[in-house]
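The structure is given below, and queries will be raised subsequently.
Chain lettering (A, B and C) follows the sequence in which the chains are written, and residue indices restart at 1 in each chain.
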Amino acid sequence: MAPEAARAVEAVLMVADGPVPPQLLAELLELPLAAVDELCEALRADYEATDRGFVLARVAGGYRFQSHPDLAAYVERFVLEGQSARMSAAALETLAIVAYKQPVSRAQVASIRGVNVDGVLKTLTSRGYVAEVGRDPGPGQAVLYGTTPLFLEKLGLDRVGDLPPLADFVPGPDVVEALEHGLRAGPPPGEGAPAPGETPTPPDDDEHGAGDG
Amino acid sequence: MAPEAARAVEAVLMVADGPVPPQLLAELLELPLAAVDELCEALRADYEATDRGFVLARVAGGYRFQSHPDLAAYVERFVLEGQSARMSAAALETLAIVAYKQPVSRAQVASIRGVNVDGVLKTLTSRGYVAEVGRDPGPGQAVLYGTTPLFLEKLGLDRVGDLPPLADFVPGPDVVEALEHGLRAGPPPGEGAPAPGETPTPPDDDEHGAGDG
Amino acid sequence: MPYTVSTPVFEGPFDLLLHLITREQVDLWEVSLSAIVDAYVATLEELRAGLDLETATEFLLIAAVLLELKTRRLLPGRDDVELEEELALWEERDLLLARLLEAKTFKDASAVMVRLIDAAGRSFPRVAGLEERFAGLVPDLLEGVTPQRLRAAYLRATTPKPVPTVALDHVAPVRTSVAEAVAELAERLPRLGRASFRALVDGLDERLEVIVRFLAVLELVKQGRAEVEQAANFAELHVAWLTTPVTDDGPLEVEEYAG
């Protein structure tokens, strides 16, 4: 059976969201650096021999799991068909929460959305729409997120304060639904009409996706 | 050699940032849903048999890679933000009632617990485990509560239906007998005077359980 | 957030009553209603200051039932008691018992949830997301997003969403009486001979119904008409009909649960 150290490397690399420096692995496992490199090399060869769909790669000074290059076609489909459609409803809601409630912690966003938002926040961060803007002074010192200048630029806003004000009351789902429809089909009565041509017909905006992500 | 489809699943799950619904995998692979579930089950068994440091889990309606539970000690040291604090008994019992009775109103939860649950429900909502899921159509339109996908992730469940059946927790005959007997009005067999000095151990704290959580 | 595990702090009247009754478990037959009532009232006295009105009312209601039960027990005979009054008291008691059992059921369910949470907490999910080489493929997420759409998304995120209802059970309370359940079981069990409790409550999805069914089984056991076997805690519970009742006290009737 696989030795504990090799299994620990697999576990840590699995939850890491970026390349893990071998020094850090050595520290976690209390092993010499050379032993870590040996372990990783053995794992890499193992995955290759058993023809896994992923590889253990050495990137940017660290180790990480990534998809096997010869399966790129599937990953691309996932990005284009699944991921993008799925992401945009989930990402848009997450982005909206960050925009209106900034600075806001990951836990606060998760509590509003009722789902784990780690992945989505990471995506938004990697796209440059959202960034860490500070730390909660309270215990735990949670990272606080806010929107970036790129976000403002993309939305054609001068500053965050220019976001449309939220209604004083929280409308029921039917109202939101109507609002959504209105935005899709055209300006609803009483809503500020979007500029012509700006009326989005978002291909990817489905309210069913709200729960996943 | 591993079949292409299994490898594709591995590749896609490796780049996903949350549980991937089997429907999406089926679409990407152009396979029936049942075949996807079979593939994933085979992968799961394979990882288990080869004693990997990660597992393929089905959580909150999708498949995802996660670290093997017995390597928690290593991963905990690696993961930055600490695990959330433990929940109080009051919070857990309230959560159990919401989970099993959803959609359920605050008054219904309170009547089962015999205490005011406003504070506890508020805490559970702010942590994202419980959310308002609608309104009672009846008079009063009481807010109805239900559990969230985050709750499923927290418990490592695929769906609410995977909770152990409530019937499993109906107290055993010994407990029922004890309660029944304790509340019997007729003279019990061998009725004796209560032992002197049988005063109860008073709780060492004021009743603030109702409000915390 | 202060998450303390509050063992000796009673969360409510059920908690307290369960504690008072079941701590005597070691010596089941020595449980004295008097002791329970006294302890209950004494604790209530101590808690008095810190209670909100709702909780205090629940405590008092239960105390009233307990006191009445105690008074009744002190009476030598029952002949002088109005039948209707008597029945009402039994009903109160049955209801209290059913609510206690329900509270206990969820207490035990929450203990299992803790185990699930602990187990799940030992695994950490992969959230790595896309590798850079695919980044170019991701359509610009903000393509076509207007401030209005963002506002709508915020409202959507903060508005309760009707989730698919989990049809575990429904809310309308079904008040089957214990007597009815006893009659039904006395009719069904002789034909079955032996059945698991699970089978007997099959199709009942309201806890109270299950609890009532359980009380009925207990009643049959008490009358010597049935036997209950359980190999271990959480093991399947089996109910066996006794063709020759252990005690023979005439026609089947429900004295304790009348009403």
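Just so it is clear, a residue touches a chain if its C-beta (ideal position, glycine included) is under 8 Å from a C-beta of that chain, and two chains touch if they have at least 3 such contacts.
Please read all numbers here as calculations on a predicted model, not as lab measurements.
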item	value
Interface ranked first by C-beta contact pairs	B-C
Chain nearest the overall C-alpha centroid of the shown protein atoms	B
Most remote chain, CA-based centroid, reference being chain A	C
Chain B-chain C separation of Cα centroids, rounded to whole Å	17
Distance from the mean Cα position of chain B to that of chain A, given in whole angstrom	25
Centre-to-centre distance between chain C and chain A (centres being mean Cα positions), rounded to whole Å	41
Residue numbers of chain A (touch at least two other chains)	11, 14-16, 65-67, 75, 83, 112-113, 116, 118-119, 122-123, 211
Interface hub residues of chain C, defined as touching at least two other chains	124-131, 134, 160-163
Residue ranges of chain C in contact with chain A within the complex	124-131, 133-135, 137-142, 144-163
Touch list for chain A against partner chain B, complex	1-2, 6-12, 14-16, 20, 24, 28-29, 50-54, 65-68, 71, 74-75, 77-78, 81-83, 86, 106-107, 110-116, 118-120, 122-123, 140, 142-143, 211-213
Residue ranges of chain C in contact with chain B within the complex	1-15, 18, 20-22, 24-25, 28-36, 38-39, 42-43, 46-47, 49-52, 54-55, 58, 66, 69, 72-73, 89, 93, 96-97, 99-114, 116-117, 119-131, 134, 160-163, 165-166, 168-169, 171, 198, 201, 207, 210-211, 214-215, 218, 221, 228, 230, 233-234, 237
Contact footprint of chain C on chain A as seen in their complex	11, 14-18, 64-67, 72, 75-76, 79-80, 83-84, 87-89, 91-97, 99-100, 112-113, 116, 118-119, 122-124, 126-127, 129, 151, 154-157, 162-164, 166-167, 170-173, 176, 179-180, 183, 191-192, 194, 198, 200-202, 204-205, 207, 210-211
